[in-house]
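All remarks here apply to the structure that follows.
We call the chains A, B and C, going by the order they appear; numbering starts again at 1 in every chain.
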């Protein structure tokens, strides 16, 4: 509906705006902070939430040498969110001296394990394959495979970094819940994408000791691990590769602010045009 | 009306202008890439520092039969120590890979402008590679060890999987082979009815598994949490009030949302009131889900941007990779 | 007749799986069936690959618009399958250095690993990353606060969007953090409360409802009432 003289008003032009301008705004909102953080190295401080603290405590409270099953149930599509989580958790286990058994329920998850272990153990020649850690690789068959893992109940902690099906929910259903009423409940910690986090929240804290939700959860966990390293050695320098999630919180901030602004702007346009229609 | 109305998208003049504009844009991008290479990047530090006129390069170090990726600074140090060394070198296959990955990333992002052949090419490549990858992995990780290894352990150990621990033939491994073959019959129009049986087996097994696990984990365990104490004492009065209020709100929320989803009773009176409260809870749940979904999507794009700026263009180096 | 046999197969399989949970001698049956399912799932992938091959060959032979892309898909599929099955470029494992096939098919340095790392991984990652743009466009065009429920939804979204970043800390930094009666109003704390109270309650109820639905469907399959998995029609073979 055009206003005076057939020329569209500002609100109308805004309403009909080519969505590629929005795409450009999102690109700038994400790319610019990445460049800024990459050049300056600055990150925002993190304050851990109870769910992430619970996950950290679950790993930290185990005695050195504890057996931890880490299931990296994701593929490259979700690696942006979940890789920093997997790295932080595995690093924490290594720092605590836990024995790690890595596996994945996703066919394309094998290289995720290799990449994570290489990142964490690259400068740890003292960590021997077969002694401190093993890689079971991809286990097909989805739910059924849990039964194929010999002695899963013997693990002290189960960790699943999960992007969807099969993942954390299936681990809770098939491996964790059956042990809860037994003599040795299996402790479980999950990391999940933002999309999956609301679906897993009800399992916390009764069936799950902690949950890392989205890149924010990964950043909080990284912060906790790095703080623990600095507490043990005030002169320790944390390698930049272990601050990946914290670096990604800068584009998150601007992206989220843009989203809020777009929603507000869209509603201002909507209300303005509706008011004009009512007056006409 | 002329087929080629001036100014319309099919007007050849518009198409020529658009083509010239695209050529200009691509030329500018190519020029920027050349300038980037000419400017170079300093790798290494101290006396081993040197400028590399290039980017998107991957360096590897030979360790036994494997080549392990190392930072460019490791190459600079190795060359400074011994210019003739061949231990740490540029890996041209991996460097080509980084460039292909970067161009494929840009090809997919080009869809944001408009659907185009370059995007379709990238899409075709990923469909083929993904299917091939999943099939290769499934064959080696499941079929070779679980089926062939159990039916012919000697042959499998000798030719395919030397680490196989099975020594005796297990004829029960014919069952999954038979199930799988019957499933393949779904491809044939004449024999597709045969595929009903393995499908029925799979459905039956899944439903039996899920029956127990959903009841145990999602029904009983979740209902049990509703019997947790509503009085939650804390270290301070505020913590006690807060904890107790939260516990009450959770219980009220679960009951009201269940009331909303219970359609066997008309939503009138107390049930209707509870259902209305349930709707508020659901709106808050969906609002939170939306916020978390946005967070996830932006994180994925941030990771791709990092790849382009760090691994490809070498504009930033937050993790010290080069 | 064949449909009845299929329904019986499903029913017996379902009941056996339930009983194996409670009858100790039958526990091994559950493990065995799980292993069968692993292998059958792998064969299902072969089915998927064969289906892909068939569809693309048909598209190429029909020479319809875009048949070239089918050719590219087929080439990529066969090349990946070939290098994956033959373990091209994969170094032998440390335990069996003399055996060419002893290494893992997706080991770093192999051809399959190269295709995964430089073709599959970046393209799939970027495809999913594009959702960030579409979510932004949808936010501008579609999210309208037309009624109170929508306002509740959008208000919560604002709190979570801001509260889970440093923006939330800045916006409500004026609220004292050391006064517990008011500190919960800070956006970062409010978003945590929304997750732990309201989202937990809403999702818990949905989980309970879904569990009841799954149990009901399972019972219907066990007693042969649900036959939807067989598809429409009378099926072939002996009736």
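The rule is simple: contacts are C-beta pairs under 8 Å (C-beta built on N, C-alpha and C of every residue); 3 or more make two chains touch, one makes a residue touch a chain.
Predicted, not measured: the structure shown is a model, and the values here were computed from it.
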item	value
By mean Cα position, the chain sitting nearest the middle	B
Chain pair with the greatest number of C-beta contact pairs	B-C
Centre distance in Å when chain A and chain C are each reduced to the mean of their C-alpha atoms	16
Where chain B and chain C are represented by their mean Cα positions, the distance between them in whole Å	10
Chain A and chain B, separation of their C-alpha mean positions in angstrom	12
Chain B: positions in contact with at least two other chains	68, 112, 130, 133-134, 137-138, 141-142, 205, 209-210, 214, 217-218, 222, 225, 285, 288-289, 292-295, 297-298, 300-301, 303-304
Contacts with 2+ other chains: residues of chain C	33, 35, 37-39, 41-42, 45, 104, 106, 108, 116-117, 120-122, 124-125, 127-129, 132-133, 135, 139, 154, 157, 161, 164, 195-196, 199-200, 203-204, 207
In chain A, residues with contacts to at least two other chains	23, 26, 30, 77-80, 107-108, 110, 118, 137, 139-141, 144, 197-198, 202, 213-214, 216, 252, 255-256, 259
Sites on chain B touched by chain A in the complex	68, 112-113, 130, 133-134, 137-138, 141-142, 205-206, 209-210, 213-214, 216-218, 221-222, 224-225, 285, 288-289, 292-306, 309-310, 315-320
For the chain C and chain A complex, residues of the former touching the latter	30-31, 33-35, 37-39, 41-42, 45, 104, 106-108, 113, 116-117, 120-122, 124-125, 127-129, 132-133, 135-137, 139-145, 154, 157-158, 161-162, 164-167, 169, 188, 192, 195-196, 199-200, 203-204, 207
Residue ranges of chain B touching chain C (in the complex, touch as defined)	65-68, 93-94, 96-98, 100-102, 104-105, 108-109, 111-112, 120-143, 146-147, 159-163, 172-173, 175-177, 179-181, 183-184, 186-187, 190-194, 196-205, 207-212, 214-215, 217-219, 222-223, 225, 236, 238-239, 242, 246, 249-255, 257-258, 261, 278-295, 297-298, 300-301, 303-304, 307
In the complex, chain A residues that touch chain C	17, 19, 22-23, 25-27, 30, 44-45, 47, 49-51, 75-80, 107-108, 110-111, 114, 118, 137, 139-142, 144-148, 197-199, 201-202, 204, 213-214, 216, 249, 252-253, 255-260, 262-263, 265-267, 270
Chain A - residues contacting chain B, complex	20, 23, 26, 30-31, 34-35, 37-39, 41, 77-81, 83, 107-108, 110, 118, 137-141, 143-144, 172-174, 176-178, 180, 193-195, 197-198, 202, 206-207, 213-216, 239-241, 243-244, 247-248, 251-252, 255-256, 259
